[in-house]
Amino acid sequence: MDAQTIIAKRIALELRDGMLVNLGIGIPTLVANYIPPGTHIFFQSENGLIGTGPIPQEGLAQARLTDAGGRPVSAIPGASTFDSAMSFGLIRGGHVDVTVLGGLQVDEQGKLANWMIPGKMVPGMGGAMDLVSGAKRVIVAMQHTAKGKPKLVKRCTLPLTSARSVDLVVTELAVIAYTVGRATLVETAPGVTVEQVLAATESELTVAPQVLSMKI
Amino acid sequence: MDAQTIIAKRIALELRDGMLVNLGIGIPTLVANYIPPGTHIFFQSENGLIGTGPIPQEGLAQARLTDAGGRPVSAIPGASTFDSAMSFGLIRGGHVDVTVLGGLQVDEQGKLANWMIPGKMVPGMGGAMDLVSGAKRVIVAMQHTAKGKPKLVKRCTLPLTSARSVDLVVTELAVIAYTVGRATLVETAPGVTVEQVLAATESELTVAPQVLSMKI
Amino acid sequence: MRTITLEDAVARIPDGASLMVGGFMGVGTPECIVDELVRQRKRELTVIGNDTALPGVGIGKLVSANLVRKAIASHIGLNPETQKKMLAGQMEVELVPQGTLIERIRAAGYGLGGFLTSTGVGTVVEEGKRKVEVEGREYLLEVPLRADFALVQAFLADYLGNLTYALTARNFNPVIAMAAATVIVDAEHIVPVGMISPDQVMTPAPLVDYLVSRA
Amino acid sequence: MRTITLEDAVARIPDGASLMVGGFMGVGTPECIVDELVRQRKRELTVIGNDTALPGVGIGKLVSANLVRKAIASHIGLNPETQKKMLAGQMEVELVPQGTLIERIRAAGYGLGGFLTSTGVGTVVEEGKRKVEVEGREYLLEVPLRADFALVQAFLADYLGNLTYALTARNFNPVIAMAAATVIVDAEHIVPVGMISPDQVMTPAPLVDYLVSRA
């Protein structure tokens, strides 16, 4: 199983029936593929849709029904559409139960940097700052390291997305929970040891009394 | 012609095709009866309607289509309905071209008191403060005196509705315009002299070089 | 969203709760929920709504039954009982300009810390409020208004909880549906999923906690 | 509301104007108005929108034609030309969190002096902004964002100017229709008065200044 699949499958387990969930682009998008059958999740697309469905069959795409990247999507029965003020009211008002976002760095306190690399990549924050500041629960989906360098760092060197700490980071190696500004290693992926995780991590991690094996 | 009719007819002449207009309760409501034929005015009801129409025929009233007093109204073709946030967005955002409101007192600078008499009448301000603060043009429809006492006063003794001055006051005796904090008598009703108006007025009035006869 | 009987829905509301109630002079108020509040005699309520309607209508029923400790509203002029109780000190009334009231409720629902308005500047409404100047103009800082429960009257609800409202019965309903910890909805008609077009949904399903089931 | 030809509508927009443009990655952008802006070579524009779409799509066409002096947007990551021009100093770009951007536009349209948000606190977004504490929490004071023109894409418009939008093409459109001095609308379909039900109107007619007539 590749890293992305491990991460997406694990995060899917965090979602419960009836939740309103916003998935960022990249790995987070894959989470929708692993929702247990029979579970009804409301997926929000910040361009103004709840009830995002899979990519439509060829020949059925509708130019006015798109995801936040402007690509055609479908909608499930019971979907709703609204303007951008309402869409961000849902996000900023704490109505989104879970948001899953990609990450460039997460620091020891759970602060996330995921929207720019000064001088190199300045795409704009889009809805990322609103999502991290406003959603009830923030889960970061990212690979544990980038080009061999840890992404779980002592202190973010990249610009922060929010002053608010994320709740959970899921990588292909481990699950780390953040509570009261402390990072705790709670699960390791099958076949991965606590030592391997610690070695690939720059930030200090508290190791939970009982580290579980990631269910995927 | 009674005082109310004079006032309502005169104010109707201030309304132009395509305007969005909000009429308060009392005399202001009567203004709608004197719109010249062929003129399309959008009347707003602050409970969430543009396109308020006359009281429906008996047997046709719809419980969910009411004016701001909760009474059944009809709607003209091209009407629109919306929530209270939008309704007051229209009012506070300067989209209402004219509001016509009743008045208890108007002072020399055009400041209006129209929402309470301490210890006697405390109905709440409803939308009055928003209308006076937000509408493009504020017209006060009121009788010139109450129990023989002038309502155009030097300084309001009743609580103000807004710090913003009104634009025009129309009474059964006169039309008074307010610009840069100064009250100017611009019209008198047919058969009414400037002196009669001044005698019935406490506030200082500048008399326009040419006082016109109110068209009604 | 869960369906719930009227009795159970109201049983979840404790004495002393704060309630936002949809409606404008009773139009758009969930009368059956109000009636059940009276039947179960929920006391010491803080009621937030545009007005207190008339005696015997909407919030007016709660006032008449002496269940309201405090009302936050923009207008009480058409309910003499509210005025009488207020003047007699039997009921607290906080009068808020209508646009400020709905915007404070929206601010809570939309996660804002407050907003600046010129409504109320230079009037008694500014008492005790902070003033903030922006681009040379003075504004009042108004803060969000939240509640424990929103009591919402919808026209259509589908099985998931998507809602529409009809004509002027919309008023405060979609706004309070975002500003309360628990949202209880009574709908005039309940319809299967897919019968409300996505563009016509005015309150998306995830905002609704309880939908009162048909008897 | 007046109907107007596409050419005349765009002729009213002077060089240097500020434009709010509906759309999200081009979905819901009035492409015909954008094309006419390019044809008439309106220069030094300030463009306010969610994003700058892609080269050849929506606002992206204005960027490619070097007509944009400044863009105020939440995301430019999918348009490499915007990024290139920004880094080369040929175009100013103000990046605003999406929720803050739409709320700033709404604040202008709703007559607010500003609002308080926690989005951006503790990030580069807070630079140069006032902070206000409410109930022990710190917020940024964000101010209204206005424009000279709003360029709106509707799905249906009736003869009076009542508008509806379809699906995710709604996005910024109804919000910008309240925040600009002059509102120009292109509609996919123009229908007689009465064909849009009052409850389905998303932008009431009095907000519309010009409706682009069919060729």
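Couple of notes before you dig in:
We just call them A, B, C and D in the order they show up, numbering each chain from 1.
Here is the rule we go by: a residue touches a chain if its C-beta (ideal position, glycine included) is under 8 Å from a C-beta of that chain, and two chains touch if they have at least 3 such contacts.
What you are looking at is a predicted structure, and each value in this text was computed from that prediction instead of being measured.
Here the chain-to-chain distance from chain A to chain B, counted in touching steps, is 2. Among the remaining chains, A is positioned farthest from chain B, on the basis of C-alpha centroids.
Here A-C and B-C are compared, and the pair linked by more C-beta contacts is B-C.
Centroids of chain B and chain D (each the mean of its C-alpha atoms) stand 34 Å apart. Measuring from the averaged C-alpha position of chain B to that of chain C gives a distance of 29 Å.
The mean-CA centres of chain C and chain D are about 32 angstrom from one another, to the nearest whole unit. The set of chain A residues that touch two or more partner chains comprises 49, 75, 81-82, 85, 88, 91-92, 134. Among the residues of chain C, those touching two or more other chains are numbered 103, 106, 110-112, 117-118, 165-167, 170, 198-199. Taken chain by chain, the contacts fit none of the simple shapes, being neither an open path, a ring, a star, nor a full set of pairwise contacts.
According to the touch criterion at the top of this document, the contacting chain pairs are A-C, A-D, B-C, B-D, C-D.
Residues 18-20, 40, 42, 49-51, 75, 77-82, 85, 88-95, 97, 134 of chain A are the ones touching chain C in the complex. The part of chain D that touches chain B in the complex is made up of residues 1, 106, 108-112, 158-160, 162, 178, 193-194, 198-199, 201, 204-207.
Chain contact summary for the complex, chain C toward chain D: residues 103, 107, 110-118, 132, 134-135, 137, 139, 141, 143, 164-167, 170, 198-200.
For chain C in complex with chain B, the touching residues are 24-28, 50-51, 53-54, 73-78, 83, 86-87, 95, 97-100, 102-103, 106, 117-125, 155, 165-175, 202.
Only residues 45-49, 62-66, 68-70, 75, 81-85, 87-88, 91-92, 121-130, 133-134, 159-164 of chain B touch chain C when the two sit together in their complex.
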